[in-house]
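Listed after this line are the structures, all set down as C-alpha cells.
Presented sequentially are two complexes of chain A, the first with chain B as partner and the second with chain C.
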Partner chain A sequence: MAAPLTLLVIVAVTIRAVLFRSSLAELISERVEVVSPLNSWKRVVEGLALLDLGVSPYSGDVFHETPLTIYLYHFVIDYAEIVCMIADGITAVALYLAVQVYNKNVFRKQKYALEADRYPHDCLELMQTPKELFYVPLKVAMFYLLSPFTILSCVAKSTCGINNAIVALFVLCTIKGSALLSAIFLALATYQSIYPITLFAPALIYLLQRLYIPVNLRRQSFWLFTLQYAFMFVGSLVVIVGLSFFLLGSWDYIPSVYGFILSVPDLTPNIGLFWYFFAEMFEHFRLFFICVFQINVFFYTIPLSIKLKDHPVFLMFMQIAIISIFKSYPTVGDIALYMAFLPVWSHLYRFLRNIFMVSCVLLACSALFPVLWHLWIYAGSANSNFYYAITLLFNVGQVLLVSDYFYAYLRREHHLSHGLYLKKKDGSEATLVLK
Partner chain B sequence: MPTLTLASARSPFRDEFAEELAIRPLHSGDIHASFQFRTVWGVDLLQATDPRFLRYAILPREIVCTENLTPWKKLLPCGSKAGLAVLLKSEKLFHSSYFSQAVHIRPVCQGMHCTVPSWEMRQTLNVVFDLYTSGQGKREWSMFKIKIYVDVTDSPQGELFELSPPTPLLSQAVVLGDRRTYSVYDLTDPGTFGKVRSLNLLVRWKADNGDMLRPLLHGERYVAGFGLQTGEIHTLIYNNHPYRAFPVLLLETVPWYLRLYIHTLTVTSKNRENKPSYIHYQPSKDRLRPHLLEMLVQLPPNSVTEVTVQFERALLKWTEYPPDPNHGFYVGSSVLSALVPSLVAMDTNITQEHPLFSSFFLCKEESSYFMRVYTEPLLVNLPTPDFSMPYNVICLTCTVVAVGYGSFYNLLTRTFQVEEPSQSLAKRLANVIRRWRGVPQL
Partner chain C sequence: GWKRGSSFLPGIDVTDTKLSTSAFLLLHQARAERFFRSDHTNNWAVLVCTSRFWFNYRHVANTLSVYRSVKRLGIPDSHIVLMLADDMACNHRNPKPATVFSHKNMELNVYGDDVEVDYRGYEVTVENFLRVLTGRLPPSTPRSKRLLSDDHSNILIYLTGHGGNGFLKFQDSEEISNVELADAFEQMWQKRRYNELLFIIDTCQGASMYERFYSPNLMALASSQVGEDSLSHQPDLAIGVHLMDRYTFYLLEFLEDIHPASQANMNDLFKVCPKSQCVSTPGHRTDLFQRDPGSVLITDFFGSVRKVEITMETINLTPHTETALAYVDQLPVAQIIHQKPKQKDWHPPDGFILGLWTLILLVFFRTYGIKHLKHIF
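So, the complex of A and B:
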C-alpha cells in the first residue's frame, strides 16, 4: 500500500504548491473561516517582528502562540509553506498507519468472536470484510489530504496544521501501544491548546485494554497503570511548560495563551458559536456563560467514557469531534481532522439516519460562508445576523453528523449482541427505539 | 527646594496681563485673526513638577460649541466684559472656516537670573473668517493696553489689499522661520485714534489671487483600503525646505480596536525605503491601552515621506459601541515634532520686546525653530453586530448547544428496545375494568 499512499501524497503536495503560487494564497490567509486569532500566520510573523523590536510578543494582544512554537517558527519562517505541507503529510501518514493497526486489531477480534460463535447467526452481513478493511487506511489519508478544508488551512499557513500533526501522532502512538510516547504527544497537544486533555480518557482506556487490564475502579492494576500514565503525562507537561518559561524568561505567555483560550476576549467572527454570543452578551452574565461554554467541551468526557469503555478508538473520534465543534476558536482545519476518521466507520452506513441532509447542510453552509461574509463586510448590504445564522446551521449540521454516527455505532453493537432481524412478540418485524 | 530669603533687594513681582490681535489677510480673501492673551502670576503655583514624565492625552471627537468657548473666556482676568474678549462672539466665531482655541500653562523665568519661577498662562484663539459669510470687518471697540498687528508682507505697496487708516508704524518679526512685516496700531498711543475714541479698521481687497508660501513641515493622514475587515493608515509628511534635511519625531497613538501589524510598517521617501533611525513601539492590550508608536524619521529635502501600516478592525461587544455606531470611531491625530531649519536668521534676544505670537517657542539655536504639527483625526468604521438581538442570540445559540446536548444525552442514557405498540385509550380503560372484575384482559 505504499505506492498508492505515495501517489496520494504527491497529488496533495502538487495541489498545495499550485495554490501557494497563485494569487489565492493571500486571499485565503485572511479568511476568518480558515484562520483564527490563535493560529493565524500573520500574527506569528507579527510576534516575531515584535521580538526583533525588543518587545515581548506577549505584551500586546496580537500573538497567542506558545513559546516553543516561537522557537520553531524562528527557524522555519522562510520555509513556512514547506513546513505546512510536511505537517499535512505527517498527519496523513500517521493516520494511515494508526488506522491500519486498528483495522488489524478489529479484524482479529472479529475473527475470534466468530470462531467462539458469539454473534447471532443473522449478523453475518454486519461483519467487516478484509476487502473493505484493506482500503480504509488509504481512504482516511485521502479524506485528510484532499479535503478542501485541509487544503485551505494549509494554503493559509495556519498553525492548525501543526496542531493536527501532533494529535495524529498521539493517535498513532496510542494505537501502537507506546504509553510514554502517547503521553508526550498528548502533553504537547494539551500545551498547544488546552482541549486535547480530554483525550486522556480514551488513550488510557485503549492502553488498558491492550494490556488486558480490566477497567474496574476497584482493581489495583487499573489504578497502578492509570497513575503511571498520568505521571508520564503530567511530567511531560511540566517539563514543556518549564522549558517555555526558560525560553522567554517570564510567565507572560500563560495569560496570553491559556487565558486567551479560556476567557475568549477577542470576538473576531469565526465558524464557531462563541463570537456572536459573547458580542451580544449582557455584561453581568458574561463570566457565567464563559464557564458554561467551556464546561460544555469537557463535560462529555466522563459519560462518553462510561458508555464507550469497550470502544476507545470510537471514543477518541467522538472527543476530537466535540473539541472541534465546541472549542472557543474553531477553524476548518480542526473540522478536517475529525472528518478524516469517517471512512473508518463506513461500515455503519446502513444505520445512519440523516446523512444525506447533514451532508447537504454542511456543503451549503460551506458555500454560503464566504458569500455572507462578503455581503456583511464589503458590500454592506447584509449584517452580522446573516453570517451568524450560517454559523448556527453549520454547527447544527456538525452536531447531527456526530450524533448520527454515535447512534449508528451503538445500534450496530446492539444488533451484534441481539441479532439483526428482530421480531416483536407476535412475530412481526420490530422497530428499535431508544427508551 | 531651597528656601528663598525674603530680604533680597529685588522689586516684588506683580501679576501681568497682555493681549493682542494679529490679523492677516489671506490670498483667498479670507481673514485670519489670532487673539493672544498672556497672564503671568508672580508666584509658584505648583511646587514640584518632574519634567521627565510626559503625559499625553487626546480627545479626537469634540463638537465645536459655545460650551467650549465660555469657560475659556472665563479664564481671562476680565472674562468677556472688557478687552479683546468682547469681540469673541460665538455666533460669529463658529461661522468661520477654521477655529482653534488653546490654553498653555508653563513656568517661565522673569529676567535673566531666574530666581523666582512664575507661571504663565497663554490663551490663543485662531479664527479664519470666510469673506462671504462674515462680511467685512466693521468693528467698534475701545480698550487699553493692546496692540493690533496687521500682516502687510504680501502687499507692501498695496497691490493685494488696502489698509485704512494707514499707519506709519511698521514692525518686523520672524514667525515660523518667515520674516513678516506688520502694520502696528498701538491703542495705548492716543495719536492712533485721532479725534474719535474708536478705531475703524478697514481692509479692502484689490487683487484676486496670489501665491502663498507653503509651510516647511506639514502632514496629512488618511485611511486606505475597503471593507470592514482590514485597512491601512497612511501618514504623509511633507518637507518643503529646498535643500535641508531634518529629522522629525512621529508619535501615533492608535486605539486598541484597530489592531496594528507592525511588521507591515513601511516608510518611503521619494519612492525609496527610508528606515527610521529609532522606533519605539508599545503594542496595545485589549480594552486597557492603545498602541503607541514613536519613530524618528529623517526627511530628505523637498520630499514627501509616506508611512504606512496595516491594521485589522475588531468586533467589539455590543455595549462598547457609541450611540451612533455607524458614524465610526475617531482616531486621534498623530503628532509631528521637529526642529525645522529656518530660511531666515532668528533673533533670540529675550529681553527685547516681541509680539506675543512670535515669542511662544524661543530657541537658542540661531537657525531653527521648534514646530509641532497635528495631522487630521481619522474616522474609521468598525463592523457592528445587530444591537436588537441579544435575547435572540442567547436563545438561538443555547438552542444549538441544547440540540447537541440532547442528542448525546439520549444516546448515553437510553438503550435500544423493541417497540411494543401501545394500546388505545378505550382498550386500556376496558382492561382496568376487566382486572377489577377478575376477567382475562384484552
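So, the complex of A and C:
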C-alpha cells in the first residue's frame, strides 16, 4: 500500500509546512503543553550556542539533551523543520511496517486457531477479517501523522519527534524479530529518557514468543535468551554512554540529563502530574515523594507482563501509554505515539465501555488547556489550581482510556476461550467485570 | 586652577608688566597641568525619591531641595537625573497646587518654574534606577533619562524614601537591597562610569545601605544608623503633612550657604545635623575614598562650575604616565573595541566520529549480513 502511504505523507508534510510558515509556529513553540524543558528546541539552540562559545552546554539549567543528540543537532540545526518532518515520517513508516507484520502474524494465528477449531462457535463474529486487517497499518500511520498532537509537536520543533522515532524503530525491529537491533534501539531510547527501559519486558516476551521459547522461569532456554538479550541491551547502553563521554570529554551530561529527569527540579507547568505536587512539597519529604511518583512508571511492568504474557504487543502499547502518562515531563508528542496504536485494537470497539466519556474528556481538556493557561497567566483571574485540575482530568481520561482498552482486550480473550454468551452456573446471563 | 571656579589668578595680575613672561607661563603651565592631571572634569547628579502617596510629601520635598541646590550651584538639567515617584505639586490633596514647600508658612517653594523631572510616577522602579546607574538602557531611551557619565565624572547620588536594615523601598511594592546597590556601583566602576561618587541617603536605618560598598572612590553619608529611624522635621498645618525630613532640612540649610566659589569641604558636610538637631545619628563612610575628605570640596559634587580663561600664550604640557588607580583586567584599547568573541564552531572530536560510525557499520553488517560488503567496495 505504498501509494496511499505516500499520499498520506505528502498531506502531512503539507500541513506541517503550512503551519511552519504561518505565525502560529512561534505561538506553538512557546506552549507548555507542547514543549517541556527536556525537549524544547529553543534550549537545543541555546546549548549549541554555548558549545560554540566554548562552554559546556550543561552548565546552567538550560540544556538537557544527550550528547549523541548534540552530535545530530550540530549538523541539522539550520534545518530543524525538515528534520522534524523527516522524524515524523520515519515514525509513521516504522509504525506502518510494524503493524503490517503484526497483523500478518495475528491473521496467521487466527487462521490456524480456526482450522484447529479452537474457538467456540458463537465467537465467529469476534474474528478479525482480512479486509479490516489490511487497512489498519494505513490507519495507524494516519493516526500518527494527522493527529493534532503530533502536528503541534512537530511545528514546535520539539525533540519529542526524534524520541518517538527511536521508539517506533524499536517497535519495528522487535516485531520483525531482530534481537540485536531491538536491543540497540531500546538502548538508544533508554539513553534518551530513562523510561523506555520498561519496554524491555514486552520486547523480551515478544522475541521469546517468536523463537517459540516458553516463558517459564524454570527453563534453561528462557534464561539463556534473556541473558543474551539483556547482555546486548546493557552492552549497547554502556557503549553509547561511553561514546557520549568521548564527545564532550566529561560526565557532565549524566546529572544534567538523568538527574534532571529523575529528580524533577524544574516545576514549569505541563500536562503531567509532577509540577503542582512538588511546587508545594516541603524539602523534607521531597525525596520520598519523588521516589513514589517515579516508581509509578516502573511499577506496572511486572504485573502487566504476568497478565499479558501471551500478548506482548498489547503489553508494549500499554507500557508506552503508561510511560506517556506518568513520566516526569510529558508533552502531547508522547501522547500522540500511543494514540497511534489505537487502530490496531479497533476490533475491540464493541467491548469498550467508557469510550464516549473518555473521548469527551480528552477533547474538552485539550481545548481547555490554553483557555485556563490564559486565564491564569494573562488574565490573572484563575490560578494554578484551575490548570492543574484540567491536567488531572486529562490524565484521568488517559488512564481511563488505557484501562478501558485493557478491559476490552482481556474480555475478548475471555470470550474467545469461553464463548460469547456467558452463562452463570444456574444458566442466567453473566457479565464480566474487571476487578 | 580652573575647576575651582575662581575668577582670577590670586596674586597675579595679567596687566602687571613687572612680572616676567616665563614665570607667568610657568604658573599657567602648572595650573593647566594640574587641571589635566585631575580626573574630574564633569558633574552628574542622580536624585531619587522612592515613595508615593500624599503623606510622603516630605520625600519629594527632600529630593527637590537637593535638586534646587545642585542646580543653583551649577549642574545643568542635562546632567541631572531626577526621579520622583509621585507628583505632589499637582496632587489633588495639595491645597497649594504647583508648589512643594520645604519650610512651613510657605517660606521656600522648592518646586519652582523650571523643574525637569526625568523619571516620574511609576517609572521610578528598582530596575530603572539600576539601569540608569549602569547605563544598560534600551536604545530608545532619550538622553534626558540617561546617566551619560564617563571616567572623569563626579556623581552625586541622593536617595530618600522609606528604608530598613539593608533595603530601600520603592513605590510601596519592591525593594532594592544594599547588596544590589553595591554591585551596581561596582559595575559602574568597572565600566568606568564615575571618577568619584558621593552617596547620600535619607531614610530610616540609612547607614545599612552603604555597609556593603566595595568599589573604590565612594563616599557615603546617611541620615541615621542601623536601628535608628530618621525623623521628619515639621508639619505645616495648612498643607497637613510633614514637609521635610530633619537631615535634609539641615542639609538644605547648609547648602544654602554654599556658593559656587565656596571652599567648604566634606568635613563640614559630615557635621551637618548632629544628634541634637536630628535625633538620629548621621553616619558617613570614607574608607573607600582615595582623597582625604578634608581636601574634597562640597562643590566637587554639588556644583559644576566652569570658568574659562582665554590666553594667547601657548602652554606646553608634559605627558602624564603614572595612574593613581588601575582598573581591574585592563585590556588594551584594540581589544576593548573589538571585544566580540570570535565565533568558532564547535566540532565533535574525531575519535568520537570514528567510533560512532564504526559501530553503526558493525551493526549494519551484523544485521544484514556480510554479503552487502561486495556492493559497497
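As a working rule, the second predicted complex is superposed on the first by the 431 of 435 C-alpha atoms of A that agree within 3 Å, B and C clash if a C-alpha of one lies under 4 Å from a C-alpha of the other, contacts with A are read in each partner's own complex, and residues count from 1 in each chain.
Here, a contact is a pair of C-beta atoms (placed from the backbone, for glycine too) under 8 Å apart; a residue touches a chain by one contact, two chains touch by 3 or more.
Since the model is a prediction, treat every value here as computed from it, not as a measurement.
With the C-alpha superposition on chain A as described, chain C and chain B clash in the combined arrangement. By the touch criterion stated above, A:L243 is placed in contact with chain C alone, chain B being left untouched. After overlaying the two complexes on the shared chain, residue contacts for A:L180 are found with chain C alone; chain B is out of touch.
In the overlay built on the shared chain, the residue A:L53 is in contact with chain B and with chain C. More residues of chain A lie in touch with B than with the remaining chain of the pair chain B and chain C.
In the superposed model, A:L38 lies in contact with neither chain B nor chain C. Applying the stated contact rule after C-alpha superposition, one finds that A:H74 touches chain C and leaves chain B untouched.
In the superposition on chain A, A:L392 makes contact with chain B only, while chain C stays out of contact range. Put simply, of the chain B stretches 345-353, 381-389 or 399-407, the part that bumps into chain C is 345-353.
Residue overlap on chain A between the chain B contacts of one complex and the chain C contacts of the other covers 48, 53. On chain B, the positions that touch chain A within their shared complex are 226-230, 256, 259, 261-263, 279, 281-287, 291, 314-319, 383-386, 389-390, 393-394, 396-397, 400-401, 403-405, 407-408, 410-412, 414-420. Those residues of chain A whose C-beta lies close enough to touch chain B in the complex are 30, 32, 42, 45-46, 48-50, 53, 55, 59-62, 265-269, 273, 275-283, 293, 296, 300, 303-304, 307, 325-326, 376-378, 380, 383-385, 388, 392, 395-396, 399-400, 403, 406-407, 410-411, 414, 418, 422, 424-425, 430-435.
Put simply, chain A touches chain C in their complex at residues 48, 51-54, 68, 70-71, 74, 178, 180-181, 184, 239, 243, 246-247, 249.
On the side of chain C, the complex with chain A involves touching residues 341, 343-346, 348-349, 351-352, 355-356, 359, 363, 366-367.
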